[in-house]
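Here chain A shows up in two complexes: once beside chain B, once beside chain C.
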Partner chain A sequence: MGSYIPNTRAQREEMLSAVGVSRVEDLFAAVPHEMLLEHLDLPAGLSELEVRRAVEAMAAKNKVYGTVLRGAGAYRHFIPSVVKSVISREELVTAYTPYQAEVSQGILQAIFEYQTMICALTGMEVSNASVYDGSTAAAEAIAMCRDRKKNKALVSACADPQTIAVMRTYCFGSGMELEVVPAKDGRTDLEALKAALTADAACVYLQQPNFFGNIEDAKAAGEAVHAAGAKYIMGCNPIALAVMETPAECGADIAVGEAQPLGLDLAFGGPYLGYMAANKAMFRKLPGRIVGQTHDVDGNVGYVLTLTAREQHIRREKASSNICSNQALCAFAAGVYLSAMGAEGLRQAAKLSMSKAHYLAAELAKIGLPRLHEGPFFHEFATKCDKPGAVLKALDEQGILGGLAVDGGILWCATEVVSKEEIDRAVAIIKEVC
Partner chain B sequence: MKLIFEKGAPGQHLSLLPACDVPEVEIVSPRAEAPELPHLSETELTRHYTALAKRVHGVNDGFYPLGSCTMKYNPKINEDMANLPGFTNIHPLQPEETVQGCLEVLHTSAKLLGEITGMDAMTFQPAAGAHGEFTGLLLIKAYHKNRGDSARTKIIVPDSAHGTNPASAVMAGFTVVNVPSGPDGCVDVEALRSAVGPDTAGLMLTNPNTVGIFDRNILEITKIIHDAGGLCYYDGANLNAVMGVVRPGDMGFDVIHLNLHKTFSTPHGGGGPGAGAVGCKALLAPFLPGPVVEKNENGYRLAVPEHSIGRVKNFCGNFGVVVRALTYVLTLGQEGIPEAAKNAVLNANYMMKRLSEKYTMAYAGPCMHEFVMDLQDLKAATGCSAMDIAKGLLDHGIHPPTMYFPLIVHEALMIEPTETESRETMDEACDVFLALWDLAHETPQALHDAPVKTPVRRLDEVGAARNPVLKYTPND
Partner chain C sequence: MTFPAELKYSKDHEWVKMLDGATALVGITDFAQSELGDLVFINLPQEGDDVTADEAFCDVESVKAVSDVVSPVTGVVEEANTELEDEPQKLNEDPYGAWIAKIKDISAFGELLSAEEYEAFIEKK
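Up next, the complex of A and B:
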């Protein structure tokens, strides 16, 4: 069996006698005898080589696609080598939450830098240290907006269905009402939104670009939300933010999103990273960790977890959220990614992704798969398709993960890692089927 | 140390992406200005992060006896397995037949961890312990609701509980009833008996509790709750003390969360990502978040339980963390799991015994995997607080224990060595603890001034909260 216990049998015997018992079982005397487990039905422990074989065999049962044309909330982007190199450092991997600031300056400073970069991307004034993922960030954001008179949250039907599902679960807990604002032609129906903005509406969540890749009129939506006295939450793709109007420019009170595109693997859905930023009027309602700059007794600049009076370990049942961790190592990765890309590299990734997606859309239209919706889109778009099953199967057989089957067609995605050659090949395969 | 924004120069960059090979498209509603991001060469960039990493104390830098956090060694094989391309390159929305390996990881993990905890079903969607608590409480809420019992609105929480317990209960829409602990740090059974009623939805409990004691009345406690019609939630933060020895399911618990990043050796990453797997008895399985993994003759498939509370997170949770935990459980196996628990308890008792020479223990031993010292008498005699001792440890390369928790002990230091520390390491640490006790009596000012060898010294936390500086702003 494998074991990570350093003490030898002889050392353990000495320790037991120092403690004053003869058997380690004596230390469990408080456990009622009838409860002690007689047989633990687990396989026998394994050597490292055996474990490696067993887990590698599982990984081998998965299919890794050479070309990925699917997004829908998880995106394959280029990850610079420096990202994994940095976040593999043992100090960063193995440390706990930076409670002891004097020996955690590296993590604290990195989070402070991450917060600064999220503010730069979103245009918002304050960022927290991150939360679990984009959907939990969205759910936490609507909780920030609740007050005694406003118990209803509105979410656009064009948001990621998983985000809406997570919001619904959080609202089942809190008792907040969740209402879905219908879509019209692949975008949020602004007239329906205005009608839904009753006096009890606390907030509206709009995703940009939306689940179908379409670019929403986020400014107009924001104006409608504010006119009704509600808070405006935008969920934005962080790569798109390199080039698109920021949530701040669109009038958002809170900006959240899934930051997996910033240097994190697809990894079957996690760990990912939820970013969360707010304007100054709302930042004290942000959940989770926040790092602040300060100085030590000698006047040196340093960093600490701050504004902790909001949090559960102080406020217990009066806390606004129970969250007490962030996705620190993922936030670290995002910070390294953004530093490596720089504003120009990020813009290039965004523009390449968008251009490839538009090329794919144009080529698909030529072979009889026109877009399902009109108007501007970023790096995702839905097309009509009569036989999505056959199309996706044909691509799959050639090592290509096609788009996601959605109501009425297929939702496609292209990013900077897809070459023109790959797109042409995929289109040729689809042409054979259609 | 300079911030990354203060390094490099405009124009410095890495060469990462190729030229565009398709017609370029312009954005219709562009942002007014480019985001202000760092601009460095690869040399300067990597040096910056190497310098940051050096300003962090991790488990691999030295002893880390942070109570309640189970800072055990993080095996390297776990990292290798999680980083296999067959896992890292898998899109979460791939067809089921192309992700059979991922589903096998989740299904096998649920089975093995279910056996260790005595639970029938499990979800890996929750991303952290607190997230697991929230999920578990929603299961309890949905269970009562489904039975048409809407009167059960209260969750009972002992005053020794982690702060997340009451905070999670409120997020789940419950009212919190705090029950006091007895003088032994355990649940006051009579107080509990008088707290339950037809409005009791459930109880949240850690066992061993937050003072490191196994509550010997546990069967009576869970029976009181069940007799009142409530359910019992097990906060798995302290499972490392008892895994393979006694199971929460056999103690009478109906639902639990596991901190895979504590008990099952996955790294903490400086505050995440973790994983807060939630296990439950069969009666709660129909309410689990969906999808869960099922197995049939054709292999594994994803399915949504009949009365699912819905999603608590995207996709299947922090999958990469589950791979690490599974690797660990497969490594230790049937013998290794209880062996780890027993050695965690032995190590804690050994340190407790040695430190009892000078320090006052909040509760008499034997302890389980951790113990709490109460430094009130030291503070009265010397003016040196638990905080001062903690800061003194920093100068000796030891990460301090958990300070000022649980709240029922005023000058608390909570020590959890874990099973992966050697006697040699613990002896050296005990020598330091005992020397600091003497130092507190001889030159207390030296401890008030500590630390002096760390990259920065004590930081002004009050000032940080009063005038929050939460991002970098260029001077000019």
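Up next, the complex of A and C:
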């Protein structure tokens, strides 16, 4: 990306002359004289060197950990350098949702390919062009299921608390009722779920793997949901999908999730990426942009935004969602990441993450931090810990971001980028404290 | 432009075909479909929906716009023409054959015109 944008006096004069004026001030001739500001209360300009020093000083306030053992919704994964290199191309980095298809075939094709890859990962039939983040995707999904007779959404207590919070906000606005189904031993209580599936239940949202890293019995939950005539929404970690049963295989009507692990930095919380995919019966209810493939008058393959009459800028007050946009650059990055990694690479990232996390869990158990729950987990797990504050502080002092303190202990995570040596080092530090 | 004589028409460009005193088929007129352009989707009402005269009870989509279909009667939807879900173009090809809904328990009517009155109404537009 150009960090130096040349704009010579000769170029400026050429541009001014092309529009028929001689000075930049002439471009503001239509503004009444009394409204022009003579003076802006700004400090004097700084040299490039001074600006660089000031910004670097601000950036230095961030602590970037060498080793990250925390997940809880956002994950540090390896990002091949081709991702940033491709998305930084000037033609693509500023591309937004393209209304003018004929000059945007590149970005439209890239988004279409992203949608195709999301369908491959989830097994669903249609994907949209993405939404703001995983929590938005979850909240939009429950809105899709609302029906005249069914106004209640059920969400598992094992879902990410931030997702539940966003769902509450959406339901407050729409008047939909939100009920949280309790957890049992770190997983969704299926008996409680069945009891909560009353006639007015429109849908159930299940996170897989759940917030505590545990793997839910998604198929059984899906069967219970459908038996009650409700829709089944699964929120899945996309890296985990490389080695797990797809939402489609589990019977999901809608598959959503946080796609940050697909080539996006942790970046202090964002921008992230929400994916949404559905089966044919529900795809007209998907919010946001959808890119379609078609043919032009000469019979060549072309790409356009399609099914636009769903969206708020056309449907106005009758729209079911106010989203008429997408996370273009982030979706594009995810597409490049998936292309670069390929199915095999993604599988490898998933398997390595799993085995590192299982090694960490085993080592922590040896030093008195056993798992809080039983059963299979992906790359996250919660352990007992009597002094989480002390443990996390000791790790922090050594440049390691430990797990997230949760009720009863700490929620740990290990991904493919964490080495065995880093794990051993972290365990040794914790052992001193406990 | 056609205006079948046996039907009644509303100023919002819907037609009504009475099947008996309290049941009718409703749809959109030839004029409506030609103004709307190629229709790509219809959001049908559901069985059991209450409909009210002069209020929207479903909508149709063309490529660039969504338009309300206003009910010409007050009643309950007995059946929606689900064929139109996969073949919305029938609304353009055969507007008087492609009924949208069968309404039962009709308790009130909006202002309804005869074929001649409706044709005259359109001419004035």
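Keep this in mind: the second predicted complex is superposed on the first by the 382 of 434 C-alpha atoms of A that agree within 3 Å, B and C clash if a C-alpha of one lies under 4 Å from a C-alpha of the other, contacts with A are read in each partner's own complex, and residues count from 1 in each chain.
What we mean here is this: a contact is a pair of C-beta atoms (placed from the backbone, for glycine too) under 8 Å apart; a residue touches a chain by one contact, two chains touch by 3 or more.
Just so we're clear, the structure is a prediction, and the values are computed from it rather than from any experiment.
**Q** State whether A:E56 touches chain B only (first), chain C only (second), both chains, or neither.
**A** Touch partner of A:E56: chain B, not chain C.
**Q** Just chain B (first), just chain C (second), both, or neither: which does A:R148 touch?
**A** second
**Q** Just to be sure I read the superposition right, which of the two partners does A:R315 touch: chain B = first, chain C = second, or both, or neither?
**A** both
**Q** Check whether A:D407 is in contact with chain B, with chain C, with both or with neither, and answer first, second, both or neither.
**A** Neither chain B nor chain C is touched by A:D407.
**Q** Between chain B and chain C, point out the one touching more chain A residues.
**A** So, of the two partners, B touches more residues of chain A.
**Q** With both complexes superposed on chain A, which partner does A:E397 reach: first (chain B), second (chain C), both or neither?
**A** After superposition on chain A, A:E397 lies in contact with neither partner.
**Q** Identify the residues of chain A that lie in both the chain B contact region and the chain C contact region.
**A** Looking at chain A, the two contact sets intersect at 308-309, 314-316, 318.
**Q** Can you list the residues on chain C that touch chain A in the complex?
**A** Contacts found on chain C: 40-41, 46, 49, 59, 61-66.
**Q** Show which residues of chain A lie in contact with chain C when the two form their complex.
**A** 148, 284, 308-309, 314-316, 318
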